[in-house]
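We just call them A, B, C, D, E and F in the order they show up, numbering each chain from 1.
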Amino acid sequence: MKKIEAIIKPFKLDEVKEALTEIGIQGMTVSEVKGFGRQKGHTETYRGSEYTIEFVPKIKIEVVVTNALADRAIQAIVSKAKTGTIGDGKLFVTDLTQTIRIRTGESGDAAL
Amino acid sequence: MRKRWMTSGLTGVLLLLVALTFLPGHSQAQGEAVPPATIEAAGAETEMTAPVAEAAPAEEAAPAPPTIDSGDTAWLLTSSALVLAMTVPGLALFYGGMVRRKNVLSTMMYSFIALCLISIQWVLWGYSLAFGPDVSKIIGNLSYIGLSGVGQEPFGTVPHLAFMVFQLVFAVITLALITGAFAERMKFSAYIVVGLLWSTFVYDPLAHWVWGGGWLMSLGALDFAGGTVVHISSGVSALVCAVVLGKRIGHGKEHMPPHNLPLVLIGAGLLWFGWFGFNAGSALAANGLAASAFVATNTAAAAAALAWMFTEWAYRGKPTLLGAASGAVAGLVAITPAAGFVGPVSSILIGIGAGVFCYFAVFLKGKLGYDDSLDVFAVHGIGGTWGAIATGLFANPAVNPAGKGLFFGNPGQLVTQIIAVGATWVLAIVGTYIILKVVDAIVGLRATEEAERTGLDLSQHNESGYVL
Amino acid sequence: MRKRWMTSGLTGVLLLLVALTFLPGHSQAQGEAVPPATIEAAGAETEMTAPVAEAAPAEEAAPAPPTIDSGDTAWLLTSSALVLAMTVPGLALFYGGMVRRKNVLSTMMYSFIALCLISIQWVLWGYSLAFGPDVSKIIGNLSYIGLSGVGQEPFGTVPHLAFMVFQLVFAVITLALITGAFAERMKFSAYIVVGLLWSTFVYDPLAHWVWGGGWLMSLGALDFAGGTVVHISSGVSALVCAVVLGKRIGHGKEHMPPHNLPLVLIGAGLLWFGWFGFNAGSALAANGLAASAFVATNTAAAAAALAWMFTEWAYRGKPTLLGAASGAVAGLVAITPAAGFVGPVSSILIGIGAGVFCYFAVFLKGKLGYDDSLDVFAVHGIGGTWGAIATGLFANPAVNPAGKGLFFGNPGQLVTQIIAVGATWVLAIVGTYIILKVVDAIVGLRATEEAERTGLDLSQHNESGYVL
Amino acid sequence: MRKRWMTSGLTGVLLLLVALTFLPGHSQAQGEAVPPATIEAAGAETEMTAPVAEAAPAEEAAPAPPTIDSGDTAWLLTSSALVLAMTVPGLALFYGGMVRRKNVLSTMMYSFIALCLISIQWVLWGYSLAFGPDVSKIIGNLSYIGLSGVGQEPFGTVPHLAFMVFQLVFAVITLALITGAFAERMKFSAYIVVGLLWSTFVYDPLAHWVWGGGWLMSLGALDFAGGTVVHISSGVSALVCAVVLGKRIGHGKEHMPPHNLPLVLIGAGLLWFGWFGFNAGSALAANGLAASAFVATNTAAAAAALAWMFTEWAYRGKPTLLGAASGAVAGLVAITPAAGFVGPVSSILIGIGAGVFCYFAVFLKGKLGYDDSLDVFAVHGIGGTWGAIATGLFANPAVNPAGKGLFFGNPGQLVTQIIAVGATWVLAIVGTYIILKVVDAIVGLRATEEAERTGLDLSQHNESGYVL
Amino acid sequence: MKKIEAIIKPFKLDEVKEALTEIGIQGMTVSEVKGFGRQKGHTETYRGSEYTIEFVPKIKIEVVVTNALADRAIQAIVSKAKTGTIGDGKLFVTDLTQTIRIRTGESGDAAL
Amino acid sequence: MKKIEAIIKPFKLDEVKEALTEIGIQGMTVSEVKGFGRQKGHTETYRGSEYTIEFVPKIKIEVVVTNALADRAIQAIVSKAKTGTIGDGKLFVTDLTQTIRIRTGESGDAAL
């Protein structure tokens, strides 16, 4: 069981979601985050003072997959989230030791 | 570079204004100095240009010098303030709440700058073009430039300046209404140029045609408070803008829900509130006709809101707040030309028509595929056209002797109304198209793709709406 | 199915309206055609029905034909617009900001639809029931149906239609006020039915009793701008609604803080602003009495806000914005019946009473355990009752010869006030209870549990307030 | 402890008020009882105290008893309501949207409580100090305490109470304006004390000097609607507050962007809307002068908004909504003293000056390093000073015979204006400084560091603005 | 040391929190997320156009526990968050390699 | 490759970010969370009813670093985020099994 976390550009979410459902993934969890990185932020001006906002809005997708599906899922995310410009984001993978579906108590692969 | 250009531009404008202040002919001093004869002439002209002048029964018979009535003046000043509040904050909120979060400020800014720009344009030359002494029934001459000769003297029963500023806020909101069509994608700098040109070359002539002594006025077209001048003109121009600018990126694919519906409701509420000034203020007096227009306005708005809501409920399964609010605005639009000519029951019918027709116009937009971001054409273009025609149907001489529609035995009025509608459509389409093409060639109309994606707030104004 | 039903319903209504427009007796034509005799009769009736009529010192002596005063008309139209703005956007925001985020739109919608529904109901039959020629001191007859015979002719010193629309906005807000009690749980469809029935069977008779020539008016009950008619009636009905509908899911267990207090403050501000139209407009003229009512209104609101704030500060350790705003509304409620009868210092005392009593009424709610979501009973029911009684205490004949309270030597007035309060409580409790039970049986009052959990915005209207 | 203290305080106040109500001399009964002679005296005094009195051409010649004009009264009541709406919700939103989210309620509360506090203070003693019969050209005496002798009788052409309440809303907003300087850090309890003292010891005398028959009025200083009394006094006092309280924690290091710019725009819109009451209402009549002031107000606001926007565009590369809105307010400030004295073209120049000067004043703040949170000094202090001086330059006797500036041949007026400006600066600096030092010693001015970090909403009021 | 992440229905947060404190857990971190899964979203209508929103609001609880407490914590969450209807959510467990309390610098079990 | 998650006081974010960039870390991801712990929340009063809000606003920083940099990064965060008062927060470390830069497809240390 692997947890894939991907930080992506917000407007890529729909494409990524579709790609993941196409390969049979039935669930994921998404949150709004702010990213700091090579992509530079933007300038804001309020009453003549300028400020640089270094954090850029990003979307974090968390999706837990069976080991079998992991590579295809990673492949799907990377290919769909890519625009080729700075700030496309990162993808991280962790091992999980346990997974439970709360409704039924099922665990392991059956929980997904 | 830009800096130097701007600075010298500003300096030039300043010098011009200073000159204008001290040129004897342009000083407001004139206001007081106008000889009685001129005042009477102005008075007579009032009767000609004021939208409801025809209602005055004894205009020839009474040569008493015009005097200012404090009650009428109180009402007209109040109405002017109300109409101003329709644009800012009213329309700014109505439109600002409907766009996506990233464009809330740029959308509000369109309305705010319409207020600022046209307030100056109208004082400097707009009023003169629209309401200055007539030239060939087409346009006003330049004798009121810088409000030269427009002072505290009576114009009907109110100070001339009060009439002027009441007309000013109409010019403001008309431009602001259009902005809903190109919200979320037009460059701010292009908007400023388009706005000035549009107001000067489309609005000012049209106001002259209908209210300022022009050919539609001579023809007897009825437009109590601006069905053609304000709503058809803005609605049809909006359609042209939507077509010329093209769709927003992601239109039809991405979900673009309103980001803040409570703001939309505040806006709709302020529009309704201010519309009493718009319509009942157009009586130019605090009298029975004003009260009648007030009631017609309220009734039509309510009927249209319910009509839209029930139509949507029937077709989509749920009544929505945005639907009810849109319906109310549609009803207010449709009753605008008719407000001073129809009774309360007719205004219910006009309202119901507005709610149903505009709902289906929005619906049709989906089929036709142009991207009028906030449905200006469906609400103001269609609603205004319906209202102008309905005026030709329902105008009741018992309400106002100046208007008699088909249902009261005067089919000719309907024909006149259709001519007025047609003329307005043509002027709006041709004028707007030319202006957009010229500005596109010189400045460029659309924000860049990246600017649009980031949102116009950051890309055009370096600001974010919220830090929540 | 529903679709077909709705479509045919709409068609029926339309046909009826068309008929109404062209029926000779119902055309507004009458307005102009009213013979002088009738006008004088209307004038006399004005003196009878206008809240402040008693103040006119020489009503019998002066048989001069009534004429319209432009200043009075300007003020009454302005006041009508102000009172409209109290409901939308005022109350819509005040209530909308206080509920949870998931119910903001449905709560605002209650107010918005109150405006739309009652605007039509009042024009079609409500005004006639309330202010039509009296039947047995209980109700108006149907002669003003569809505003037949209600036109531009003078009613006192203002056009009859202006008086009509001023009363209309009162009927609107009264219904809207009640909605705070059942916010976050009443089904929208049920609300529409309840609203129409309540306005017709509770509000219209009560307005007739107190202002339209009914028995409380004959008895000499004082209610300058609606303490009984508007506030007690809505507040007590709200309590009945809260009890009949039962508590919100999670009430008492989950934390249900206001989701957007800045909206609440805008709402409170607009209520205060609009209340000048409500109270000072009730003088039906722009005169000294209007100015006096204006001052009393402002003073009581301020005093009550401070009283609530300091009481809360003393009992809870911190002054709150919501407390101060609630106090201001409580003060505005309490001064409503008294506004045209008391001087500024009395209005401070009335305000302080309102702030303290209503604070403790909210507090008591917690103990008694009913779930009046937004404290309509504590603020309007208790505040209105206090105000009606205070009018019987503080009415000062030097302010308005028509009112003389206990403290100025007339204990009988206090008794009359108590009778009026009692009658209003009884009508509101009985009427509201019956209406709710009937509607519950036929349509069902409460949203389903799942709908309530999801929030009424999505479940009733398919919309979300914000996408932030 | 605190509880007991508060309760007994409240009881004391209540007893006092009850006494005040029934003391014969203080009852409002007087209003009606004033003998004709007194009324005429009041009338004469009107001519003296009303800002535009000098405009009345034939004041000596016409000994006709003053009567109330319904149109003028309608306009003054409307204007009073408009000015009230400038403070709440107008300024509350303008300021509330500009602070950080955690301080939105406390910032709004400053404005709301200014309204409540001063509404009571003015009725009890403020009006008497400012407009009561003159003592040595310095202050009013106490004969109007509790509005004793201030009733429905005519004051000029409006009820005396209407004039009183119009002045009341000016006193309210002046205090509220200052709060922008110490927003996000002043303790709420300290604010209440500072507010009461400031209004009593700075505002009331100043209003007397300029409008109530004091020495600046005798000197012939022109201030149509409050350039010195309202804007310089609040702006300069704001600077003193900013310096005495010191900077906010993190000022200059942390980014403190406005948390909700749409609220700021609603606020700016309501300020603009209400300012018509402020300036055109100051004509105290619905006449040509009111219309002229209305137009000047609108024109200057628009010009200043554009001027600020273009200046920022030139210097920073982007036009901003906050800049345009700030510019509009700066223009409204600057035109305030001049509104009834200048024509439309002059008002464009005054507006441009305001936009440019205030922009650079904000810019300079950055260099000088004091922390005037919301730029009250830059906008109201500098804008007001510019406006007062500009009045001495541009006042045009053709607009209003009472004012003749340098450019129309009267250099003496400029000198008088400078004296008035200087006197206002001195009074504001000295008075505010003393009051702050005294309150700091007794109550302490600043919230604790932890309270400031948490945000004043939670630390002072136990509330959060939003649960989104 | 284990990190338990649970995606649950928002209105279950209070119950879960209480159950965790009852078994002696003193801290947790909560965030708002949007979930995509078997539970279908809702429809929104704006001016006559309908859209389906597939993401459902959820709450993510992150709680770090000693190995000893892990099972009881998991049990507590699963039992309290369960309603038995679709969308009850998932629970994932990861191993942590290090834990520090910032205030004191304590690490390991003492950091919790 | 390690993922460091730190829950800190919001006003400490800028300092921590600077400290991390100083030691050569070029990216991080930040989100708003609510924390429950020893630090007590605050009281809110609405119309006379009092409620205690037990959740405190916190910032979660997620930063992925090479094993080599991990200790210095942890050190930097802990020292900058510390105020010494209750509620300073926690820091958790997990092992990652994979890291990818979406823009380029680079993986491992090169992806950061």
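In this text, a residue touches a chain if its C-beta (ideal position, glycine included) is under 8 Å from a C-beta of that chain, and two chains touch if they have at least 3 such contacts.
Note that the structure is a prediction, hence the values are computed from the model and not measured.
Visitor: Kindly list the shared contact partners of subunit B and subunit C, in label order.
Guide: D, E
Visitor: Given the two chain pairs A-B and C-F, which is bridged by the higher number of C-beta pairs in contact?
Guide: C-F
Visitor: When the centre of a chain is set as the mean of its C-alpha atoms, what distance in Å lies between subunit C and subunit E?
Guide: 47
Visitor: Report, in whole Å, the distance between the mean C-alpha point of subunit A and the mean C-alpha point of subunit F.
Guide: Using C-alpha averages as centres, the distance is 18 Å.
Visitor: Distance between subunit B and subunit F based on Cα centroids, please, to the nearest Å.
Guide: 53
Visitor: Pull out every residue in subunit D that's touching 2 or more other chains.
Guide: 69-72, 74-75, 78, 257-258, 260, 266, 286, 315-316, 318, 320, 322, 462-464, 466, 468, in rising order.
Visitor: Give the residues of subunit F that touch two or more other chains, as numbers and ranges in rising order.
Guide: Residues 31, 44-46, 50, 94-95 of subunit F each touch two or more of the other chains.
Visitor: Sort out which chains touch which and give me every pair.
Guide: A-B, A-D, A-E, A-F, B-C, B-D, B-E, C-D, C-E, C-F, D-F, E-F
Visitor: Enumerate the contact residues on subunit E facing subunit F in the complex.
Guide: By the definition above, subunit E touches subunit F via 3, 17, 26-31, 64, 94-103, 105, 111-112.
Visitor: Where on subunit C is subunit E touching in the complex?
Guide: Subunit C reaches subunit E through residues 250, 254, 453-454, 458, 462-464.
Visitor: Spell out the residues on subunit C that touch subunit F in their complex, using ranges where they run on.
Guide: So the residues of subunit C touching subunit F come out as 255, 257-258, 312, 315-316, 318, 320, 322-323, 326, 359, 362-363, 366, 375.
Visitor: Mind pulling up the subunit B residues that touch subunit C in the complex?
Guide: 69-72, 74-75, 78, 82, 100-101, 257-262, 265-266, 268-270, 272-273, 276-277, 280, 285-292, 294-295, 298-299, 301-303, 305-307, 309-311, 313-322, 324-325, 328, 343-346, 348-349, 352, 394, 396, 398-399, 407, 466, 468
Visitor: Subunit D touches which residues of subunit F in the complex?
Guide: Counting only subunit F, the residues touching subunit D are 11, 14, 42-46, 50.
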